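Here is the structure we will look at.
A, B, C and D label the chains in the order they appear, each numbered from 1.
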């Protein structure tokens, strides 16, 4: 009996195992969709009760799955404190916690349920190639992040001195300028903050050109890492 | 006679075949331009009748070409249900359907005529290299798309919790926040929605940096795949 | 005498030749700066006369240089109809044409003088590597441009149908929508036009994701072409 | 005694040396954070005095460190005029200069303190790989910068002629148009300036497409340079 369930719940080589995995994955996606629909304003109370019932149904299924995983895995403690074990637990936790306490504030914990979608990749071999490519360039990426942080800080201080005197409401402090620096260097730039002084514009031009060079680094690194990975294939 | 037409319509090795192909391709482009001009507001009725006449002329040519292709191809069923066969049919269908029924609503089907432009590439060998490069990294691209979808969903929920309380009109629901997530992570960002809370700005910064890393992945993958393809050349 | 001038004007191996080249290049840059200053509104008439005098001075030098080049080059016709020969001529033409005729409308020809800056690269060997990398992927780049044109057209028609009914002033016709398509797919997006309907937003999301894949293509191609070029170095 | 201090201050192989380096690095980061907090408007005077005291404390530590470095390095002149020697000096200079003179205007010199963060990378070997990759493509990057400057200038003049007649307040001169050219070609585009004429839009489309090709160049170059660097690893 235990061996039979193990093949279905834990393994996914058999037909029944694959079916079980697919069922759980579809249920996760549906519960995510249901969760999103709940945030719609002026939602009909009829739909709300359907969504609540579906939430109860999916949590029951996820709880049974979690208990089965704990029961079936040889070393249940190892599973419970593994990455997926904790995520499986956090995916059902908010539901049980919400009884008695204020629902609104706790709902944010449901975000963690999202991580469950990573399960979809579990057996994908291409993911290993991406992982090994990222591992190859780990150190360089850390340098890139530190250098980017430095550039953002430098840009924030510079723009603060140029723009604060003329736009004190927008460039209030170095911290407020950081939002400008992040959105500009990543070329997101919503248009909510931009330099209007000549000095600020010249400074921004210099910063953007350094920024373009920097943004090229991770792409260049990944390209070369993938080249090595694909050659090994 | 059939062999003579086959060389002109289906093949494009002979001088006449190339001329026929070029004629059809120019006609397609002209009919696309005509279609675009028709959408101009306050169009002179004189121009409208010229465009209508040109539409009739091009559909007649396309219909003759379609019938010739059906008649000349050995296995005409195979052609009719092939990718280009269906597109050739859809390119002339709206015209014949529009008689009697409301023109306005059906005109959207004309979009499919556009696919005909792919014919321009039919014999291009460089296209094969691009195709083989994309095939090389197919699995990785699927993972990228799934991961991006996940990130967009995660970003949508996060920004909803940060911004909904202060901007309930813009960040109405998780679905409304998705539009923000898509435009921000792709750095399109029109400036119609952006975070104004400190929490939302810090969250956006984190999400953008993960997003930059992600957007680098397809470029890096393609670069490495092209490296392999060009080496084989 | 002719040989002496040839070494200075045409060649740049000798010390005098390098000095002459540098002098001309600095004069070009200064004349470009002067040209830009002239466009400033409310410019002091004193500065204007200085700029005019400098313009006369630089055109005289450029004219002497042009005549020397024509006189010194063995086959002067070959030079006059070469790429740089035509540019050298166009750089001085507007000045001589402007006498008698309305200055304002002809000044646009001065744009061509800009091309002269390419001379700065004349002997640079790294430029050859960039050229050979572009040559390597020429065909693929043409496909990319055709495919991008297709995508822009497709996006323009799609967004026209979604947004024209609710934003007829912005999405007036397929041509007006093309501006939106170009700025969106290149992630420039000024924020002057954006979809507000749900259908338009979903359509834009799809188009952006295809667009990201496309924008990756030239970068990926160049990366692989440079890899080959650098290996040959 | 000198040998003992040398091991702590200059070298970082010993446990004490590593501790000293870490302490200085954390102090630098904290002093940067303190500096940013000082720019916050309406800051409580109580916090301001804490920040001032922390500033005095950190400058004392940095001064002692600087003097120790000068005293301990064999050739102290070589250190004082090295890159890090000058930065170490500039990091403490503003504090001593500020006594007696107006604080506000001199504070901008504190920006240089930021460069100290580069020390964090001092021993990182991955940084060498990034450096060697950049060295590999140095010449090509210079060409890219010159070509980009040319394109920005060309775009500025073009858009000035198209947009100045209808938007004289925004596209005032070629210099004002340069800000548009920089933000558009880097796809930053805040939305503060954009073409509204048909000619300006068509010109922008052409310029953007050339710009995309250009922005691909540094990424492509870096990718190929990293490929070589990683292969050597």
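Operating definition for what follows: contacts are C-beta pairs under 8 Å (C-beta built on N, C-alpha and C of every residue); 3 or more make two chains touch, one makes a residue touch a chain.
Keep in mind it's a predicted model, so treat the numbers as computed, not measured.
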item: Contact-richer chain pair (by C-beta pairs counted) among A-D and A-C; value: A-D
item: Longest centre-to-centre distance from chain C, chain (CA-based); value: A
item: C-alpha-based rotation, chain B on chain C, 0 to 180 degrees, nearest 5; value: 90
item: Interface residue identity across copies chain A, chain B - same or different by half; value: different
item: Centre-of-Cα separation between chain D and chain A, whole angstrom; value: 29
item: Separation of mean Cα positions, chain C and chain A [Å, integer]; value: 42
item: Multi-partner residues of chain B (at least 2 other chains); value: 187, 189-191, 219-221, 223-225, 227
item: Topology of the chain contact graph, where touching chains are joined (line, ring, star, complete, other); value: complete
item: Chain B residues within the chain D interface of the complex; value: 187, 190-191, 219-220, 223, 227
item: Of all residues in chain C, those that touch chain B in their complex; value: 136-137, 139-140, 142-143, 146, 150, 153-154, 156-158, 160-161, 164, 168, 172-175, 184, 187, 189, 191, 194, 201, 204-205, 208-209, 212-213, 216-217, 219-221, 223-225, 227-228
item: Touching residues (chain side chain B, partner chain C) in the complex; value: 32, 35-36, 39-41, 108, 111, 114, 117-118, 120-121, 124-127, 129-130, 133, 141, 145, 148, 179, 182-183, 186-192, 215, 218-227, 229-231
